[in-house]
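See structure below.
Which chain is which? They are A, B, C and D, in the order written, and residues in each are numbered from 1.
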Amino acid sequence: MRTARPLPDYLVRRFQGWKATQYAENRSWYRNLAEEGQHPRAMIVSCCDSRVHVTSIFGADSGEFFIHRNIANLVPPYTPDGDHHGTSAAVEYAVRTLKVSHLIVLGHSGCGGVRGCYDMVTGQAPELEEKTSFVGRWMEILRPGVADLPEGDEATRVRALEKGAIRISLQNLIGFPFVREAVEQERLTLHGLWHDIGAGGLEIYDDESESFTPL
Amino acid sequence: MRTARPLPDYLVRRFQGWKATQYAENRSWYRNLAEEGQHPRAMIVSCCDSRVHVTSIFGADSGEFFIHRNIANLVPPYTPDGDHHGTSAAVEYAVRTLKVSHLIVLGHSGCGGVRGCYDMVTGQAPELEEKTSFVGRWMEILRPGVADLPEGDEATRVRALEKGAIRISLQNLIGFPFVREAVEQERLTLHGLWHDIGAGGLEIYDDESESFTPL
Amino acid sequence: MRTARPLPDYLVRRFQGWKATQYAENRSWYRNLAEEGQHPRAMIVSCCDSRVHVTSIFGADSGEFFIHRNIANLVPPYTPDGDHHGTSAAVEYAVRTLKVSHLIVLGHSGCGGVRGCYDMVTGQAPELEEKTSFVGRWMEILRPGVADLPEGDEATRVRALEKGAIRISLQNLIGFPFVREAVEQERLTLHGLWHDIGAGGLEIYDDESESFTPL
Amino acid sequence: MRTARPLPDYLVRRFQGWKATQYAENRSWYRNLAEEGQHPRAMIVSCCDSRVHVTSIFGADSGEFFIHRNIANLVPPYTPDGDHHGTSAAVEYAVRTLKVSHLIVLGHSGCGGVRGCYDMVTGQAPELEEKTSFVGRWMEILRPGVADLPEGDEATRVRALEKGAIRISLQNLIGFPFVREAVEQERLTLHGLWHDIGAGGLEIYDDESESFTPL
């Protein structure tokens, strides 16, 4: 069985186009990045969703953002149990090695992972409760958020849970000793954002009012 | 302690600029994406490194790629132990729910995570061996790759390990039953790429010759 | 005679406002900049004109651009005569010490310095020809540009001279050995831009067609 | 060899964003500025350093400040020798043509130019003593300041020299006949400021006590 195949033609052509234009015009900057290493100012925890490109909405160039993307932009609780935790490793590297100044959790509308969690907890997706479901087990991180949902129709509750994913991730982040220390020493600030894909909106979480406000 | 602060002004202004131009000009597409959901054709497993933007080098629009980014673009072995595995969950969601046709592991030059693994295994970074080091524990996935390194100077061996990370991830991927099944049924192809940041190069892994070839 | 007076109240108040808001919210980034030093990706040579803020039109945050501003965004010819040359020193520091990847000369409409040069050369401002006129002597750098002006009315010719200032500066830049070397080694690219203040326009110089094209 | 290349994409997009928002919302003011010309109330002499944006810390709009930026915010002595002096030309234009009311010299912490001067004078950077070093020759303006430094460790002495650069520039400014005349006629006031990047501080020079006081 083939574990690696040639790249589809359309991607080869696009890459060659990029190299002949954007790379060629910015070769000096790419070389600088290769030689001097990265000095990103922010880490972004974003979703894998194909519709959310943080580099687009913030006009970022190469080298600006250290970006971790997982399902539903979740940060798990601090659990130094010796297992491999990809998200925790990314946060540790960003805060301790790269010393980023901002850590932004970016959620979004229509998140399939969040919807899956809602369905699982409300009994509509029993297959996600199975031990062998990686998506189900990953979405356990968000399970506590379902208890806090407001009354309302399903769409309202799911949207609230998307925002809950951001709040829970921020709470979990502050539970990492090196994150807490950096925040206390004012070397790092945390930020929570929720992006409405269809409307092109952006809402910012305010931890004092515990609410999201549109920009 | 503040767990969420306002967004820096320059990001607010950049977002507003994006909304007034790129969003405004493509509103119909964003609305379509919001209403119809995503139908990405490929999943990319890439590194968090701020210098590697797969959407740039492949000219991707919103909706094309489902992107998971972690340190050193690693996929762990299949381990359905009931714990939360962010990478495995992303792979499962892409293959089983989104039914992507391509799964691309994209490595790169100058990877800090791979370098850390090399230093750890060769005794130059004992702090990464500690149980509490998330980066160290995450890089365990790549430890078997150090045994296979060719003779040579350190730079050569670290570069070989960067490519080893891609090979090991592909091997681990095929160990997931639902990945293997999709590949066998020719619903999915796997691809391994290594990107040279400074030179703007791209090398493709061929599993028959077990080597990387420049595009 | 007082060589230093207290700061006007309105500036004190604005500074205090900045400190309580933008600084307070980004303290971590400012501290990072103070501790890690600057790593700007580009140098900008811009005019002192109060109407041209390159940080606004390019949404730049602190730390992105190393900015030299003088009258008419001029770079003098390479003249290592042991005198102090502020512009040459800034270029040297940016290219040799900071190793910026882009060097952008940004001209603009309605430039008083360029207009003064035109008036001086066409006999309308004899006072600028005097040895003691610093503005006149500085604008000597642009004098060769007047010979190349197209036929036309005065407004057309002055606008052409504004663009000539950008071309001459780029030509002078390439005459600095360390600039030429960096360009040859593809560690640095030069760029010429002309900004129309009233229309909010931006034109880019293309050295092959020797013309400016609107974005 | 290319003396001008296209603008990097991310800057094109950011500019377009600016035009669609900040420019579009203030078009009337930009048109006014273009038609009526600039009437800035103050000239600022600031450093090229990418971390110091006087328009940010003083919340300046387009048209408010005529800004000259050079390495270490230096004003050279009055020397009407017929050579081109960019800084002197900028001061002359601001005071005689624009008739600004305030002239502010803004220094800052962690200044690479000041540090270079200190290293040069104390024998730690002999390459800056070479005739061909533009940075070295430019920093000659500050050489007299090293003689006046207090006893203390290097960090203390370098910081004192940063403030010395402001004092020397103010002394040099008052040596320009048209500056002196404007100050005597109370049409112009001079101001010296030192900005602490990491702490967000601002200290003001008082010429009577010959000391700097935090705001």
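Rule of thumb we're sticking to: contacts are C-beta pairs under 8 Å (C-beta built on N, C-alpha and C of every residue); 3 or more make two chains touch, one makes a residue touch a chain.
The model shown is predicted, which means the values in this text are computed figures rather than measured ones.
When the CA atoms of subunit B are superposed on subunit C, the rotation angle comes to 115 degrees, reported as a multiple of 5.
Distance between Cα centroids is largest for the pairing of subunit D with B. Annotation: 41 Å between the Cα-based centres of subunit B and subunit C. Distance between chain centres (mean CA atoms), subunit C to subunit D: 14 Å. We define each chain's centre as the mean of its Cα atoms; on that basis subunit B and subunit D are separated by 45 Å. In subunit D, the residues that reach two or more other chains under the touch definition are 5-6, 8, 13-14, 16-18, 22, 24.
Partner subunit D is touched in their complex by these residues of subunit C: 1-8, 11-12, 14-19, 22-24, 27, 30-31, 33-35, 37-38, 40, 43, 48-53, 55-59, 62-71, 74, 76, 80-94, 97, 102, 104, 109-110, 112-113, 131-135, 137-141, 170-171, 173-174, 180, 183-184, 189-193, 196-200, 202, 204-207, 215. The part of subunit A that touches subunit C in the complex is made up of residues 25-29, 31-32, 36, 39, 41, 59, 61, 63, 99, 101-102, 182, 186-189. Residues of subunit C that touch subunit B in their complex: 22, 25-26, 29, 59-61. Across the complex, subunit B meets subunit C through its residues 5-6, 8-10, 13-14, 17. Against subunit B, in their complex, subunit D makes its touches with residues 13-14, 16-18, 20-22, 24.
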